[in-house]
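Each structure below is given as structure tokens.
Look at the two complexes coming up: subunit A is in both, with subunit B in one and subunit C in the other.
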Partner chain A sequence: MTALLRLIGVGGVIAYRALFNWTTPAMFVGTLLVGPLFQLLFFAYLGRQLGVADDGFYITGNAVLAASLACVFGGTMAVSNERRFGTLGHVLLSPRSRTAVFLGRVLPYAANGLLIAVTTLTAASLLLGLRVPVDALPGLLLTLAVAALACGFFGLTLGAIGLRFRDVWLVSNVSVALLLLLTGVNVPAAGLPAWMRVTGELLPITHAAEAARRLVAGEGFGAAAPPLAAELAIAVGYAVLAATLLKLFEAESRRRASLDTL
Partner chain B sequence: MSEHAIEAVGLRRTYRSRTGWLRPQRREVEAVRGVDLTVGNGELFGLLGPNGAGKTTTIKLLNTLLIPTAGEARICGFDVVRQTREVRRRIGYVFGGDRGLYDRLSARDNLRYFAELYGVPGREQKRRIAELLDLVRLSGRENDRVEGYSRGMRQRLHIARGLLHRPRVLFLDEPSIGVDPVAARELRQTVADLAATGTTVLLTTHYMAEADELCGRIAVIANGTIQALGTPAELRHHADGRQVLEVEAYGVGDAQLAVIHALPGVREASVVVTGAAQVLTVQSDAGVDVQADVLRALDGVRLGRVTARQPTLEDAYVAIVNRVDAQALPVEAVAV
Partner chain C sequence: MIAVGALLHAKQLSRSPFEIATALIVPVVQATLAVYLFRAGGEPGRLLEAAVGAGLMGVWSSVLFGSGGAIQNQRWQGTLEMIMLAPRPPALVVLPITLATALTGTYAMVATLAWGRLLYGIPLTFAHPLAFAVAVPGCIIGLGMFGLLLASTFVLLRNANALTNTLEYPIWLVSGMLVPITALPGWTGPIAAVLPTTWGARAVREAATGSGPTWPSLGICLAISLACLALGAIMMTHVERRARAAATLALA
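Then we have the complex of A and B:
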């Protein structure tokens, strides 16, 4: 058990340092902290101009979405960068559980996403004057953590796809754009066509943004619990999907030599 | 304990690929075409062959990265297809080249990570990593990022990584490729030390001197099958009845090489470029003096030193591989 926890914890952190491209202070601050904050401000001012929704709608939604960049790209890098370093073969030769190896890699990215979301929410609230009820903070923190975890597993799923298809960064870029459009963060879900709404329901962020908005509106944890549970289910779903795809593609690589392993 | 560290029977591997959408072409390449091999516990075994001969594919079949199309293989008695976890616990894999390490991490962190992946218990990791850093002479540089390492240092770190979990069988796939002579000598010493501790080593290399110095037995693989197997001394017999003429030259062309090849008594002729010069190596029947004919064929080419000598292991290897080339069977099929 201790060995398994070490693999998930220690292994996950070392893998994060090895594989995440944005660990330098300049990249981290610029890409992951400043970028999402300006995106949030852009949509908040656009919302004011168009009168679609109030600041709270945009600040809360975009703060939750802020976690996605680090998590989606991080989850993708956690698998795809193995190709870049030529280390995939050595990882696949490990006798340890693949599920533990790869799912453990998501945790540092999720922690990263949580930090970014909290920072973005705090900075935007101070800049735009959003008041968040104090008793909503624990629930909000939990919501952001679940959203970050769901995004991490979503990214890992994309990374697993990257084992089979080389142009995974294209998929990641499109996915991040889809999160912006389909999760109801900037465009109210009611204003989207039905198929987009349904697709959004299956993506991370959608339900977490809803839960966060209810908490910020002072509706209490009871009101936020159903969408939060839905976000958790999305996280578990992507975790299972990522683990299945990793297993599937590894087995296929042994049969068809489909991975450029070494 | 199984009698053999490595056993392979009738091992075959065919690669199938498809290209094109409108008019798809299916291509089949038989990379390994029936390899039979046994390597004893603690043996240092060499697998030699030209590029594309099937060396790396054979290793990938043995180390579980690929499934054989036919045949079977066992490592320490465990089946490489069905008992992958047991096999992986007992093997280490090291390959040559710059890749295969996390450049942003230090050597120590690379080893820490792979120690986790290969199941080295937490309480043993620190001591084991320090031992291996000493073994591969990287102590003192262990906290430097790998991106600043020379190729020789990287190769030594590869070896340390391959040994973390004390594998009983170590696959070394061209570990000295691109390494300078001093670093290559250090690597050979490290490999020899390993074999002395009882680790079974399967080494693939292009360097005959390396194989000759290190390996107890050598298999020559070409065209996907084992063409010769024995001790270095036994393999040299493949060049029995021959003598070798070496000519340093500047500007030998294909036409002249073809003329030399066709001379009576000549068995092999090849040119290797070393720096600005070429070295023409001509193997001929021992009883036939071809020197005068060869020099006549090189009329007009600036020549350097001319040496006659007895065949080496490398000459025997060339003889084996060229014999295969002469009777080569098609290994690739294309279907539309």
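Then we have the complex of A and C:
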């Protein structure tokens, strides 16, 4: 058990350092901390001007969404960059559980996403004057963590798809854009068509944003628990889907000798 | 040479399925988001403005990422030395690349307008069709010239990618592509006033909706863009000389 946890934890951190190699401190701050903050401000001002919802709606929703950028792309990179750097074969030759190896890789990205979401929420609250009840903070932190984890597993699922299809970055870019639209973060769910609402409910962020809004509104953890549980279920669902797809596509890649085909 | 070069680079960019799909799909998602936001805000009469605004956002993204990485992309392709060896000023060699990124950005504009018309029935009844037909290419040429300044500035910065990733939303916001500038804090006004994106977006919006005279805005956009072009040309010459002297042209 210790060995498994070590594989998941230490293996994940080493892979994070190796595969997240494009990041310099300036790039990290610019892309992952400042970028999401401007995204939040853009939608807060747009929503304010159109009178769609108050600042709290946009600040909370976009702070939760802020985790998605690092987590979705990170989860995708966790698989795709192995192939890009020519090390995928080595990983798949390992006698250890590949499910554990890949699921463990999501953890550092989820921690990254949590940091980004907390920073975005703090900065936006200070800039736009949102007051978050102090007793809501532990629940809010838990909500952001679950959202980050769900996004990480969603990204890992996309990364698994990258084992089979070439343009995984296109899929990731479009997925991140779709999260903006379908999760009800920027357009209240009531304003979206039914099929978009249903699709959104199957995506990460949607339920976490709902839980976070209830917490910020001071409704208490009891009110936020159902959507939070739904987000956790989404996270588990994507983790299972990612593990299944990784297994399936690994076998397929071996059979077709297309493991390192870019 | 500029026209042929821009066409060549536009063709090259158009060969990339990733570039094309991203240029088409992401702006369409943003246009859809804008349409639902405007509807939720009880502004169904402004849907054309939303579609045009989302298209302009796509043009800016194309210029920002394309021009910002123009030199680096040539370096990765191994063609930077060859284009710098051409017996022409470096700005004239790089300008077609940045113009091409703005040209391929028009895919976004076409996609958002077609999407809005076909799916949401947004009538493409422009208040001043002729002005719109002039304002869009004018805005694109202006942004292409602004792109040269971006390309020459970014090549000096080691972490230009960080700036590229960070500049997308702020320019969308400050230039009033979807959010009116009047809704923003007053201190953003002077920043907006010196950006060609602000005036270009304004000209296109005015032509589409008839909210004001198009020509002054377009004129200011082109004037600022020309200033950016001159500044970019000076910087590009300086950067080229420095890179030749230090033998770092091919080094990232």
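Simple rule for what comes next: the second predicted complex is superposed on the first by the 258 of 262 C-alpha atoms of A that agree within 3 Å, B and C clash if a C-alpha of one lies under 4 Å from a C-alpha of the other, contacts with A are read in each partner's own complex, and residues count from 1 in each chain.
Criterion: contacts are C-beta pairs under 8 Å (C-beta built on N, C-alpha and C of every residue); 3 or more make two chains touch, one makes a residue touch a chain.
Quick caveat, the model's predicted, so the values are computed rather than measured.
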| item | value |
| --- | --- |
| Side-by-side fit of subunit B and subunit C on subunit A, or clash | fit |
| Touching partner for A:Val236 - first (subunit B), second (subunit C), both, neither | neither |
| Subunit B versus subunit C as contact partner of A:Arg96, first or second or both or neither | first |
| Partner chain in contact with A:Val174 - subunit B first, subunit C second, else both or neither | second |
| Partner chain(s) touched by A:Leu248 [first = subunit B, second = subunit C, both, neither] | neither |
| Touching partner for A:Arg6 - first (subunit B), second (subunit C), both, neither | first |
| Touched partner set for A:Arg256, first subunit B, second subunit C, both or neither | first |
| First, second, both or neither for A:Val52, with subunit B first and subunit C second | second |
| Touching partner for A:Thr87 - first (subunit B), second (subunit C), both, neither | first |
| Arrangement angle, subunit B at one end, subunit C at the other, subunit A at the vertex (C-alpha, nearest 10°) | 90 |
| Overlay on shared chain A, then closest C-alpha pair between subunit B and subunit C (Å) | 13 |
| Touch list for subunit B against partner subunit A, complex | 15-16, 60, 63-67, 84-86, 88-89, 91, 93, 95, 97, 99-105, 109, 112-114, 116-119, 121-122, 161 |
| Interface residues, subunit A side, partner subunit B - complex | 2-3, 6-7, 10-11, 14-15, 17-19, 23, 85-87, 89-96, 101, 253-257, 261-262 |
| Partner subunit A, residues of subunit C touching it in the complex | 17-18, 21-22, 25-26, 29-30, 32-33, 36-43, 158-159, 161-163, 165-166, 168-170, 172-173, 178-180, 183-184 |
| Complex interface listing, subunit A residues touching subunit C | 22, 24, 26-31, 34-35, 38-39, 41-42, 45-52, 167, 169-170, 173-174, 177-178, 180-181, 186-188, 191-192 |
